[in-house]
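This is the structure I have questions about; it appears just below.
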Amino acid sequence: MSLADDLYRETILDHYHHPRNQGELVAPTVKSEGVNPLCGDEITVYISVDSNSIADIKLDAHGCSINMASGSMMSEAVKGQSLEQAVKTASIFKNMMLGGSQEVILPEELEDLEALQGVKKYPVRIKCALLPWNTLLEAIEQARSQDGASDNI
Amino acid sequence: MIDVQEIRKDFPILERQVNGKQLIYLDNAATSQKPRCVIQALQSYYEGYNANIHRGIHTLSEEATSAYEGVREKVREFIDAPESRCVIFTRNATEALNLIAYSWGRTNILPGDEIVLSAMEHHSNLVPWQLLAAERGAKLVYLELTPDGLIDLEQAAAVIGPRTKVVAVTMMSNVLGTITPVRELGNLAHARGALLIVDGAQGVPHLKTSVSELGCDFLVFSCHKMLGPTGVGILWGRAELLEAMPPFLSGGDMISAVWRDRVRFNELPYKFEAGTPNIADVIATGSAIDYLQKLGMDNIRAHEIDLTGYALGRLSEIPDATVYGPGDATCRGGVISFNFADVHPHDIGQILNDAGIAIRAGHHCCQPLMRDLKVTGTARASFYIYNTKEEIDLFLDALQEADRVMGHVACR
Amino acid sequence: MIDVQEIRKDFPILERQVNGKQLIYLDNAATSQKPRCVIQALQSYYEGYNANIHRGIHTLSEEATSAYEGVREKVREFIDAPESRCVIFTRNATEALNLIAYSWGRTNILPGDEIVLSAMEHHSNLVPWQLLAAERGAKLVYLELTPDGLIDLEQAAAVIGPRTKVVAVTMMSNVLGTITPVRELGNLAHARGALLIVDGAQGVPHLKTSVSELGCDFLVFSCHKMLGPTGVGILWGRAELLEAMPPFLSGGDMISAVWRDRVRFNELPYKFEAGTPNIADVIATGSAIDYLQKLGMDNIRAHEIDLTGYALGRLSEIPDATVYGPGDATCRGGVISFNFADVHPHDIGQILNDAGIAIRAGHHCCQPLMRDLKVTGTARASFYIYNTKEEIDLFLDALQEADRVMGHVACR
Amino acid sequence: MSLADDLYRETILDHYHHPRNQGELVAPTVKSEGVNPLCGDEITVYISVDSNSIADIKLDAHGCSINMASGSMMSEAVKGQSLEQAVKTASIFKNMMLGGSQEVILPEELEDLEALQGVKKYPVRIKCALLPWNTLLEAIEQARSQDGASDNI
């Protein structure tokens, strides 16, 4: 297996070629924009929040395979989660990416995300994988403060 | 013609392996590699005569001063300028452009004035003018490109007008490779009483340069892109302009007398060099210039036309590759920006790196141009004196591999 | 205590002969010599992983980026600062001071404001404030020295007043060796709502430094005076201040997005680092810091107190020598300015150089202080980790020789 | 003979210890100030011009031995010379200092100045030796333009 094949695992390419939850939400609770100044990649995350849960999520993403795949998997993982759960999922993912080099085993429902571990070898690209997540976290923070529910944090 | 195999022996880094493969360095527009003589110049300086310059009476300081000032003269000759006192050492091309924008710009740009840039400027020759324009109530006006990436001279003649105070353009695009018709733009600018500033960051390392032939009023460039160490930029300006300009950075060395409440500035070039200069790197820059002069800038250019023509030809055989910029290697430099099918430039860069090939991917500090091209970024391969056609072949082979790895996006 | 003989082996230049004599380098306040590990770091970089940083996806660029950013963290630790994003790389201390004067100064200094400096500031911490004051209609106010060359804290308490916006002082005088009571001045400044800027060009290389213990708002220094290569300065500032400040130099790397007519700036520290940085020299600065940390700043200080006390004692035995600055080695650094009978400092410097001894002669970029001392210049010997008492003995012998050569001016 | 002894020849030390024509002129035709920014040395040259000749010259000099000696010798050499001759003397001296390393033989009346040739080995100090002369040349230029006699140049 070449280096590249280890990075671009099948799951990643599948999400890259067929990104889930792409598009816009017409009346989202919040919309948050993220940019990677190093490469210019951009993403917009739309979420609609219902009783403190992510009822729907859509991404308008233009980026590299890692960025796109990470966002696509993220949208599947957090859709339906409570805001609190989603924040926790994000932190599990970020810990995996920023932690040491060993392979991490994720809970079954987050299994797909394990495929992104190959990225850890490439410091520059870790930022690509994190962009959708950081943008989501900003969206959640906005939603909470709109809701006056920041005491929930 | 230059002897590339001989040249390669002078560049120790070319022996390096990356991911088990011999390094193929095609990121020269970002920074060039350094020959042994440049690295050696640093070592000789620090081991033999390191000292602060200009005010020292001891031998080390005299030796360092004369080596440092000797490079000023070498630079003068290299850009065919009349006087070495008009050669100012800065940190990089960016700082040199800021020096002009602060010192000349703040004294000369008035509300309503127009600053003309091209659509392919690097952020370093754009943001300083944006900030100046915002501060002064001046306006930025852009020179547009023709579909094949050349400056549209007709449009230029139309927009360089009575309110134009300065035209600031790159000598060669770091994305498209386009060589700017500097002389023609200079004539248009001067006819309107405007100045011409040339950003030579990409041009000077690759094209024989004469400030009088270019007909420019200021020229800036960065030595790290022309075999020199990091940390040295050059500003050249016409003597009358530099003499009339207030200093930019102030402090030690740029004064002739200081009182508690007033100061008399030093003469050129010292007026613009405040504090301890980057002595070692300026001295090593002298070795870089010697090396280039020995090869001959015309020979370097011929080699790059050869490589660029070859690469453009081979890329044109790849149906899914889109190449930006002029198709004719004789009116462009050896910087080739491209996209390949739907593979994101970042992914191309990564996959080529697995094969030991260093290219750049992204917006190349030219976001406005990226928007014009309707892309978020491009992949970019750029050549210099040590690159070969064999390397270009390997690069193109690896590019095809990218298509396989990414699951044949090309054919989606 | 440090082992000077071991240390000397790490400095190749110390083997050099000048005029047939072993070099004795006593010009450390101008610039220090460099240990082999620093020179080696430059070579390893250029031979192994030279590349432009931050935007590169290839291995060389990743390696260079991580080495460069690693030094930011080393600097943070070295000055005991809370966050590495508040460490900005500049060309030298002078540029760092200009950055503050332009970016913070132009946004915060208003007509009638007072800028407080000490009477012993280097031109680099004086002229930028003079120009700012002139531009803004602000006023410079000076902290005076006591007869033995210390800051007069009573006078300081009187002049740091309600109109004071900033107090900018050197941490250690490059002429008198005086160590400034930074903490006390910080308290005075902060009580008035003013900022404290510390010019650490002389202090940081010789004294263990903690920005929180100093209680300063900005600290600047130059790496070439602390075993590092030329071309690297450091600015540290409090995060709130740096975040609120507009950028200074603009161009590549300091942006997060650019359009034809507007720009969004990047976050700290990149906002203040425009264009290609001095990558190699920043990386080599990391080796210099490692070297200093290994020796231990407290040990270095002890060695310098030892040398300085010895030299002051011996100089006091020479009736015609006048020494400036505090007499007590524990409240001053190893910088000794002196005059010898009627021999002009230039002549002293020249005659010492014949004996292979490098000292400095002149105004040391402190002309206002020279006027206060009623001299046109002084001779200056300054010490660092590799200097020995034997070298001081040889220096003093050569000084006596100056008297003979100049025809016993002393006894005229 | 040590290096220093070669530089500080007896003639130089004599002029240094007993500088000629020091002081001010009460009513000079012109007064010109010079400074060496590298070391801070300063000199003021006063000349009184009578029928196109330097009738009197005084120097107010504060500088190193080379600077002082060079000025002192200069004052002796040009006193009584016509402006034209003085300019020529200055150019003979400057040529000697800036020319190659060989010893130069000067006309008998400028003999003393030969002693300054030792300075040629020390680039930094050449400026010290030239300062009085450059300041004199400025004074002469001023005198001429005051006189409307610039056509004489």
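As written, the chains take the letters A, B, C and D, and residue 1 is the first residue of each chain.
Quick note on the criterion: contacts are C-beta pairs under 8 Å (C-beta built on N, C-alpha and C of every residue); 3 or more make two chains touch, one makes a residue touch a chain.
These figures come from a predicted structure and were not determined experimentally.
Note on connectivity: the fewest steps through touching chains from chain A to chain D is 2. Among the remaining chains, those touching chain A as well as chain B are C.
Computed from the mean C-alpha positions, the centre of chain A lies at a distance of 47 Å from the centre of chain C. Taking the mean of the C-alpha atoms as each chain's centre, chain B and chain C sit 32 Å apart.
For the pair chain C and chain D, the distance between C-alpha centroids works out to 38 Å. Among all residues of chain D, those that touch two or more other chains are 38-40, 122, 125. The multi-chain contact residues of chain B, meaning those touching 2 or more other chains, are 19, 55-57, 61, 255, 257, 346, 350, 361-362, 367. Those residues of chain A that touch chain C in the complex are listed here as 35, 37-40, 122-125. The residues of chain B lying in touch with chain C in their complex are 12-13, 16, 18-19, 23, 25, 27, 30-31, 33-34, 38-39, 42-43, 46-52, 55-61, 91-95, 97-98, 119, 122-128, 130-131, 140, 142, 222, 224, 229-233, 247, 249-255, 257-263, 274-281, 346, 349-350, 352-353, 357-362, 365, 367-368, 371. Those residues of chain D lying in contact with chain C across their complex are 2-5, 7-8, 13, 16-17, 38-42, 62-67, 122, 125, 128.
Contact residues of chain B toward chain D in the complex are 54-57, 61-62, 65-66, 255-257, 266.
Only residues 19, 344-347, 350-351, 354, 361-363, 367, 370, 376-377, 401-402, 405-407, 409, 412 of chain B touch chain A when the two sit together in their complex.
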